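Per-chain residue numbering starts at 1, and chain names A, B, C, D, E and F are given in the order in which the chains are listed.
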Amino acid sequence: MLHTINKSPFETNTFDTCIRFLVQGDPILLIEDGVYAVQAGNKFSSTIETILKTNPVYALQPDLSARGITLTTDGVQCIDYDGFVALVEEHQVNSWF
Amino acid sequence: MKIGILLKEGPYNHQASDTAFKFAEAAIAKGHTVDAVFLYNDGVTNVTKLMDPPQDDRNISGRWSELSQKHGVEILACIAASKRRGINDDVLVQGSSITGLGTLTDIAIRNDRLVTFGD
Amino acid sequence: MENGNINKIMHVLRHAPHGTIYTYEGLEMILIMAAYEQDLSVVFIGDGVYALKKNQETAGIGIKGFSKTFMALDGYDVEKLYVDKLSLEERGLTEDDLVVDVEVLDSATIGSLMKEQDVIIHH
Amino acid sequence: MKIGILLKEGPYNHQASDTAFKFAEAAIAKGHTVDAVFLYNDGVTNVTKLMDPPQDDRNISGRWSELSQKHGVEILACIAASKRRGINDDVLVQGSSITGLGTLTDIAIRNDRLVTFGD
Amino acid sequence: MLHTINKSPFETNTFDTCIRFLVQGDPILLIEDGVYAVQAGNKFSSTIETILKTNPVYALQPDLSARGITLTTDGVQCIDYDGFVALVEEHQVNSWF
Amino acid sequence: MENGNINKIMHVLRHAPHGTIYTYEGLEMILIMAAYEQDLSVVFIGDGVYALKKNQETAGIGIKGFSKTFMALDGYDVEKLYVDKLSLEERGLTEDDLVVDVEVLDSATIGSLMKEQDVIIHH
């Protein structure tokens, strides 16, 4: 199950809620305003590091670039729309917004 | 792989429509079939041909129309949601149509994936 | 249904009623899908649990109420109604506050149910 | 007192439109002048006469129209926001019109209050 | 300055943000999904009680009724649209959403 | 302007750019209002501070960028740009990360400024 999150973790509880239902091993893909969660050195970095111990975390590069995020938390994989499609090939999708 | 898309927000106001479109393009480029884009909630306003954005901006209903005509993607607006929001056959962009929620159920059943974009 | 199988379709209601239309139009979708003999379930998470709150009187805001429609789901054979335990507790609610019988589940159980689904739609 | 209203969300999808309407009615009932309702962002879709909600539901563009005609409230949609969202003179409900953001500035200046409803 | 809040405090940070900029004495009016903040006995009750020491808190009765909220935190004043207008007569408005 | 006074009008930008149009259409409104010789100010709170982030490259999402338009505000005599200190800090940002010079203020100062306004519009 691929979980996508498109909301800033600073503004709504979508990120926190999604994380709570995550099954070990399932990937998270941050898109749109969701990518602020993986900006290096912000207050969610330690949460992201904890998640990375059990689940892969991806972020959509075009959304990172659009928001001027050049550094992401270590271990986060930045992918293009093509990579988004590749994840959808592998998993059913649970879109959180 | 056969992929259906459910889009729940209107154009311009939310990036959901842009992400759905970019995802659809990328899926098609990778050789997948994008079977249909079903529009729900404010999403139905994606297909009004009356939109007239600035010259240097994307035309969102125009590009859904093009996607439909080039790649056979059905662009479908829910009838109940459309009626509430003033979308009817007279304003539909070419390649789009209005249908019921039963069609979404069919889309959910006949595709390998249903990917939702909302806000 | 090309493969003759029943699909598992989960609807996730996460918004309070009335402030936005998501829960109401979500319910409209659920009612239509119920006619298709798939394996439907409905999960209430976060403010979605408020949709089930008893005693909603919407005359004053001029919007049609719909909480009683949840009682009709049983008649459409939509029997899998799950409520997130933490969401209920955080809001100071118990099962007695809700208009229908539901199954209250913890996060891990709901997470496992999500993983089994063919389709998940958030409203 | 003279009151202006700024409404930033479309009808049905968000309660903002309902609250704005109820507030306008109450202000008028209390003897105030509601000078104008300015529609911005998705709010411009409040005035499409094409909306056709279920019989037992409120007709949101219809009641803005009625408010305008009964109480002289100007119902104004921002032109730039309208063009993006497919609202033009052909679909405007009676009593509403399309104008620029300069008009909102005038409304903000000439009224004792500007009350915003959004989401 | 009248502050209105229309968002559930459980779902977004709008409530917390508004509170941070509140000047002593200025009233808060909870409307739409914002009224969940004043449901008696939920996790925001103590925050509301603290605010009430310095600022009056109002909630829109039609929105409370629509959501089945019959008990509100002590000290919160429930008003109709007419009362909303009365507050606007007294104050400029700062609408948080 | 019936009383010949200058009105104090504050715009509050609270949303991240691109995910929604609020900040972009907010900026369009500010540019028009700037022509009216009122006392305008713009406050960035919460994710609104991200609108000022340097190095936004939007080609990949197909949406026109607008962060550079904030640099033009000065030419429109919109000089009162205030940023909420806590919002900036929580996001791991400093003034050096922003495309324009701003005044960083604490909550109490921004609260007092709000109280002085004739009109406040959140975007």
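One rule holds for everything that comes next: a contact is a pair of C-beta atoms (placed from the backbone, for glycine too) under 8 Å apart; a residue touches a chain by one contact, two chains touch by 3 or more.
Not measured: the values here are computed from a predicted model.
Engineer: Touching both chain B and chain C: give me those chains, sorted by label.
Structural biologist: A, D
Engineer: Using just the Cα atoms, superpose chain A onto chain E and tell me the rotation angle to the nearest 5°.
Structural biologist: With C-alpha atoms aligned, the rotation comes to 180 degrees.
Engineer: Identify the chain pair with more contacting C-beta pairs: C-D or A-F.
Structural biologist: Spelling it out, more C-beta pairs touch across A-F than across the other pair.
Engineer: How many angstrom lie between the centres of chain A and chain C, each centre taken as the mean Cα position?
Structural biologist: 26
Engineer: What is the distance in Å between the mean C-alpha positions of chain C and chain F?
Structural biologist: Taking the average C-alpha coordinate of chain C and of chain F, the gap between them is 39 Å.
Engineer: Taking each chain's centre as the mean of its CA atoms, how far is chain B from chain F in angstrom?
Structural biologist: 33
Engineer: What are the residues of chain F that contact at least two other chains?
Structural biologist: Those would be 18-21, 46, 61, 63, 118-120, 122.
Engineer: Enumerate the residues of chain A that touch no fewer than two other chains.
Structural biologist: 6, 10-11, 13, 32-33, 62, 80, 92-93, 95, 97
Engineer: Could you tell me which residues belong to chain D and also touch two or more other chains?
Structural biologist: Expected reply: 12-13, 15, 19, 22, 41, 57, 80, 114, 116, 118-119.
Engineer: Which pairs of chains touch one another in this structure?
Structural biologist: Final set of chain pairs in contact is A-B, A-C, A-E, A-F, B-C, B-D, B-F, C-D, C-E, D-E, D-F, E-F.
Engineer: Touching residues of chain B toward chain D in the complex: what are they?
Structural biologist: My answer: residues 10-13, 41-42, 45, 48-54, 57, 61, 80, 83-88, 90-91.
Engineer: Within their complex, state which residues of chain E touch chain A.
Structural biologist: Touching chain A: residues 10-13 of chain E.
Engineer: Can you name the residues of chain E that touch chain F in the complex?
Structural biologist: 1, 13, 17, 20-23, 26, 92-97
Engineer: Going by the contact rule at the top, pick out the chain C residues touching chain E in the complex.
Structural biologist: Touching chain E: residues 15-20, 46-47, 50, 53-61, 63, 65, 67, 90-92 of chain C.
Engineer: Could you pull out which chain B residues touch chain A in their complex?
Structural biologist: Those residues of chain B that touch chain A are 1, 3, 15-16, 19, 22-23, 25-27, 29-30, 32, 113-119.
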